[in-house]
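Each in structure tokens, the structures are laid out below.
Each of the two complexes below includes chain A, the first together with chain B, the second together with chain C.
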Partner chain A sequence: MKKIFQLFLLAVIVFLNGCMNIDTQILDEIQLSSATGYDLVDEDQYEVTVVYPVYESGGGVKNKTLTTTDNLSKEVRDKLNLKSEKPLVSGKLEVALYSRELAEKGISLILDSLTRDPSVGSNVMIGVADGSTKEILEQQYGETDNGIFLSDLIEQNMEAGVIPKTNLHLFMYGNYAEGLDPIAPIIGLSEDELTLKAIGLFDSDRLVGHVDEKDFSLLRVLMEHKSKRDSFSLEINDHEKVSISSMGTTLNYKVSNPMEMSDITIHLKIKAYIREYIDGGLKKIKKQQIEKAFEKDIKERGDALVKQFQELGIDPLGVGEEVRTRSRNWDVKKWDDLYPEISIHIVPEVNITETGVLE
Partner chain B sequence: MFRTRKKDKTSAENKKAAETIQTVFNDLSASDDFKQSFVTNRHVTFCIGFYETLTEADILHKDILHNVQKAVSIEELTALLPFEDLKISEDVTLIQDALLQGSVCIHNSISNKQFCLVKAKSAKERQVAPPEVEFSVVGPKESFVESYQTNIHLIRKRLPISNLVVKERTVGRLSKTKVGVLYIEGIANKENYNTVLQRIEDLNIDQIADSSYLTQLIQDNQHSPFPQFIDTERPDRIAAVLGEGKVAIIVDGAPHALIGPTTIFEFFSAFEDYYLNWLVASFFRLVRFFAVLFSILVTPLYVAVLTYHYELIPKDMVSTLVTSRTAIPLPPILEALILELAIELLREAGARLPTKVGQTIGIVGGIVIGTASVEAGLTSNVLLIIVALAALASFTTPVYQMGNTIRLIRFPFLLMSHYIGLIGVAISFCFLLIHLLRLSSLGRPFLEPLFPLRVFDLKDALIRLPFKYQSKRPIQAQTEDTVKFNQSEAKHKNE
Partner chain C sequence: MVQKEEQVSPFLVFFLIHAIQVGVGILGFQRIVIKSGGNDSWIAVIAAAIIVSAVIFILYTLLNRHQMDIIQIQKKLFGKYIGSLFGLIWIMNWILLTVTVLSSFVEIVEVWVFSTINIYVFAFIFILLTYYCLTGGFRVVAGICVLGTIIPMYLYLTFLFPLEHTHLRNLLPIWNHSIKEMGLATRDMSLSYLGFSSLLMYYPYIKNAKSSQKWAHFGNILTCLIYLFLMVITIGYFSEKQLSHHIWATLSLWKIVELPFVERFEYIGITSWVLMILPNICLLVWAAAEGIGKVVNIKQKKVLLIILLIVYILTIFMSGRERIDMMNNVSAKLGLFLLFVYIPVLSAYSFVWNKLKEKKK
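Showing the complex of A and B:
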């Protein structure tokens, strides 16, 4: 009896594998698309560009692009396959770029094709292209695959503490969350060089504004509850320039009366060391003075940033999320009415613990 | 065995009852190496019969013939001969058996009643040499030889206690191989050695050429690729496991002894582990376990990932893998099978050829075939590295029989990985695990101490803790006396 059962089990495994619907996708017999770009042609016609690497036997990589236009992105893949000698697969997609015009119209419909596909990972980078995505993707950047180049460009800056963390997962989270809006980096070509130009601010899935380079690290420390290696620089007066780098920042929200028209205070603690100090000949570092100056600067810029968000009616910092976790009677509609009017203060506290080795 | 033996005896008795010794001698003379000679002294004529090829000429000439010339009767002869186990018998079968074991039979050709049997076996055996399979840099350099006596001598000199018991049984209708079951009375569990003895007694086979015959015949599951007795050529290892309450089996003519009950983890512990510092030894052991998993899983994983799961490849490795595979016309499974077979061929050729030629085969195979097949575009160089490393890893297993098993079970994994990808690897692994869970060695769980979980036995499984923590015998052997030594006294040091 046991023998029969064992044989039955084996037979199930052997014969039911047809039902598992597993297709072979041998690595060198598929075309691994590494980046896609979406441009708006007219009302609901997209132009889709796909980049895939062609590996040469000598070790080099050549990027090839395929472009087609259609109105739904999975049908686009079928159309693209008509032009490709091997089946295009999206499992190694690294970056998805959307042109500014498209992003301003909203991208959730196109994003659906990425989030619904199980082979696409959730750490795909989402980016907004300043200009045509086709133009960006058709360039050859160095010796590497364009998709890897683009994702490394964004990832490296995320890890170095320049821009806030972003990827498909975080973007979709920001998109769906009630008290939070997503961000995405804006990438553009300037003199044939690819640059991270700004950080795009989204209202759910529509691009509505952006933050410039000077506020990158401020946005980062305000968005993340704990972060490291964010740098701030300041010109205290004509002959004194200071640059500090954080060893750790902590963010604390004080919401006294959630869902009421009362003040919200954001305490920002920055533990930092001095990275650069041009003092015009002065030897002694006036630590307290520098701390005060930074606190003042961060407060001013932070308040301005929050004002900008409130005017746009967006919440990339997740103030709404903080309120939601503190209130029993959470109501999105009521919060959306409250948010632009509520007063949000940023109270920074800079603590310089190290002044570097040269003293 | 007992059954066989009885049958032999009864039939032999019936047949031989009427025969006189002279007819027996005449029968044996059909073989040209059986010699009969008659020695006549002043009083009486003695007839001496022996196998020339089994007896020591020196003993025959110096001790036996010399005394035979002086004796008057068999009784007087026994008093004269300087041997401790002289036998006087009238049993024809006994005489015949003794002659075949190398005894010399002397009888008075006139009285024709009593026969004196003198042991004069020639000892043609190999010298005790350093172990070859289980070589260790430190520790004793003795290994078992083909002689039963010497092998037991090597164990007894390490355990000079009266509790060490040897139970002898004879196996094989033709080979009449002596099999000794060794255990320490008062430590070893009765059930363990009785099981071994009973299984040996129940055997009904014609020949036992080596101890590995016995492993295959008496282990719990004979269809399992996993051996359930450890075979070792190190007497120090046998002495150590006897002390742990296990049972050892020595087979005459076999340079390897068997140990049971055992666990799968014991197969991956080299005895050298006990001669090295415990940290070093534990590290080496962990390396070995890693090597086993690596050897079984790495090629199947390569095939599965390249055939089904390209998403799993890290982005920086894609280009390496794709470039190495672009020119190759074969799917990953064929590529892997070809290389695995090549490695197996090399191993087999190396094992069959004489040592000196075997070494060159390794070089020719490894370097020439490897690079040539990459250049010809038949295999990718990434896979070549993977397969070579996997083969190397499979050779780290200290017990040779287990190493072979590891190499074999890689193939079902490989086929399943091609069939349904990583799910196939997972299914194969489940099958392997279920099989190991069901295995037992002398009725004791084979996967102990992981399952059933016996935390105390973990002291000497995946890692080897210092000796002071090894004060208790393994639970697995279910010993009668569980304590090896007093732990607190072992720690004590007098400065």
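Showing the complex of A and C:
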């Protein structure tokens, strides 16, 4: 009797599962948006563009976009659904783009809809569009889905050691951190080709400046404590051109008196190998001379970069975090006053260990 | 006296203690502790574990002295009526904890996974499942605790994914908070260890109960290590202000996990978490039912149905962030008071009482 009752109980439990009123989302019956773009129309009206892939019978992918304007981004989804034959869901979102004007005004309010939504991951790429995001998203790039294309573009460059690591989580981390400011890549169209044009520098959530292509790898090694595959190139004595690639960099901060007006030194050690060396003819490689030349160049450019950050009052390198974790009397306000005035030096040390397969 | 065949081995106390300490609290304890402890919160995790170990020691000295459960002890020390009244407070505490756990979990499912889920049916299924387990008696409950500890263990591995974006230097500088702040953090942290008071009820169900004390401490240490692991990763992964916005920091950690076959890991994680919630609810309801059975002489099965009905109604009623928060507060305060104030006092009283008794002889 007891056994039968228990079996009955189990059966009830199993069958009741069907009555939980769970939303099923069948892949064929929804539109998975893969990228969104936000443009500023006026004061508090956004124009939102959503891209979703349409898989064709031949195996190709066609990108479709929907655009609408509103002042709340989830409201926008309802409005967009008015134009779509299948419900739009954001679970597969890969990239969120913001136009430059919007980024300059501040994007934390819009980012809220991404971080609050449990279906959006932390790996979403945040990018700033040079120009209108609608224009970028409406283009067809190759055979793939636009969202995946964009996120691959950024991710590939992150992994290849061209730009610093960035995603939604790291952006929010920098946005909230007291001694660190976030960055995001600036993407733009040039002659119908999508390019990573610059790296946008943010003051909390407002875009205030950018770093150009020539300083990408320098910014990367200065931001990340350990990184690999960063490349530098240089022209020595007019005709000798050298390019090196790092096998590993380490960053060490020397802060003698944290929270005081004393110098901060950043020791940057680069272990590298020579990728390319053109000097017009075969000659014995003057390793030391090349090392010295690189050290000089990195120091000059690095100091200029830090100067630029200090003038803008931003801290993408996280110097503030270094000071905060070293001092017991950390005070954000005091640090913000101190930071633009403090002198920060970069002391690079380049060590060329390999020269490729040629001598 | 409990029948021999209804008793369980002493080492199972390891699972009984650990399974009930880890429940829904682990999904979001970081934010509350970091509010006062900041980057030193990991110290609070250890401090709370030490205090809990001390309380477990007191519980065992009390229980070893009398060799019976808390309801009988109170009846013996305070007389039938007052003792029963105090017993009811414990029972209320356990029921309240059950409701807190269940409604918090229902909330998580609603917010993170299925926003339109019918909570009446969901809670009902859970209650039925609990009833199904409890009809098997205490041995089944202990078995559920073992499974609920071992099966979800693989989940902790997924917390290694966030390591890629973890800044461990956030732990520095060590000890830059005042003693008062650390005290507050430790108090908030000890809430995540609550629930082990059910030991007061299942003590007579353990073979050689005296020898099980070391297992209870080991269970507590395992809980401490898991909390410590999560706390260190959380401190490194989030910046302090960022964390203050995340109600369920542990679940937010999962947002970075990307596996080739699943885009959002939370769905798998939260579903697996049912296995951690079930032992909690089973053991707490079992303790409450056993307690009522000892206060008044009714058949345990009838009591069980009544308790589950109460739990069901309260769970349905207690939905929404504010109500759950309020209930969390009440059950936390009651639990803290009972374990960290009342139990030491009771233990001291019983010691004196015993001494006087011996003298009379």
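The rule is simple: the second predicted complex is superposed on the first by the 336 of 359 C-alpha atoms of A that agree within 3 Å, B and C clash if a C-alpha of one lies under 4 Å from a C-alpha of the other, contacts with A are read in each partner's own complex, and residues count from 1 in each chain.
As a working rule, a contact is a pair of C-beta atoms (placed from the backbone, for glycine too) under 8 Å apart; a residue touches a chain by one contact, two chains touch by 3 or more.
It should be emphasised that the depicted structure is a prediction, and the values quoted were computed from it without experimental measurement.
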| field | Touching partner for A:Ser231 - first (chain B), second (chain C), both, neither | value | neither
| message | Just to be sure I read the superposition right, which of the two partners does A:Gly121 touch: chain B = first, chain C = second, or both, or neither? | response | both
| task | Counting touched residues of chain A, say whether chain B or chain C comes out ahead. | result | C
| said: With both complexes superposed on chain A, which partner does A:Ile13 reach: first (chain B), second (chain C), both or neither? | reply: both
| Which holds for A:Lys92: it touches chain B only (first), chain C only (second), both, or neither? | both
| said: For A:Gln310, using the defined touch cut-off, is the partner it touches chain B, chain C, both, or neither? Pick first, second, both or neither. | reply: neither
| A:Ser84 contacts which: chain B (first), chain C (second), both, neither? | neither
| task | Look at A:Met172 in the shared chain and tell me whether it touches chain B only, chain C only, both, or neither; answer first, second, both or neither. | result | second
| message | Is A:Glu321 touching anything from chain B or chain C once the two structures are fitted on A? First, second, both or neither. | response | second
| task | Identify the partner contact of A:Val61: answer first if only chain B is touched, second if only chain C is, both if each is, neither if none is. | result | first
| Can you pull the chain A residues that chain B and chain C both touch? | 13, 17, 20, 22-23, 91-92, 119, 121
| request: Going by the contact rule at the top, pick out the chain A residues touching chain C in the complex. | output: 2, 6, 9-10, 12-13, 16-17, 19-23, 91-92, 115, 118-123, 165, 169-170, 172-178, 180, 321-322, 325-328, 330
| query | In the complex formed with chain A, which residues of chain C make contact? | reply | 111-118, 121-122, 124-125, 128-129, 131-132, 135, 165, 167, 169-170, 172-173, 176, 238-242, 245, 252, 255-256, 258, 263-264, 266
| query | Inside the complex, what are the residues of chain B that reach chain A? | reply | 306-308, 310-311, 313, 315-316, 318-319, 321-323, 325-328, 331-332, 419-421, 423, 427
| task | Over in the complex, which chain A residues touch chain B? Could you list them? | result | 13, 17, 20, 22-28, 30, 32, 53, 55-57, 59, 61, 89, 91-92, 94, 119, 121, 145, 148, 151
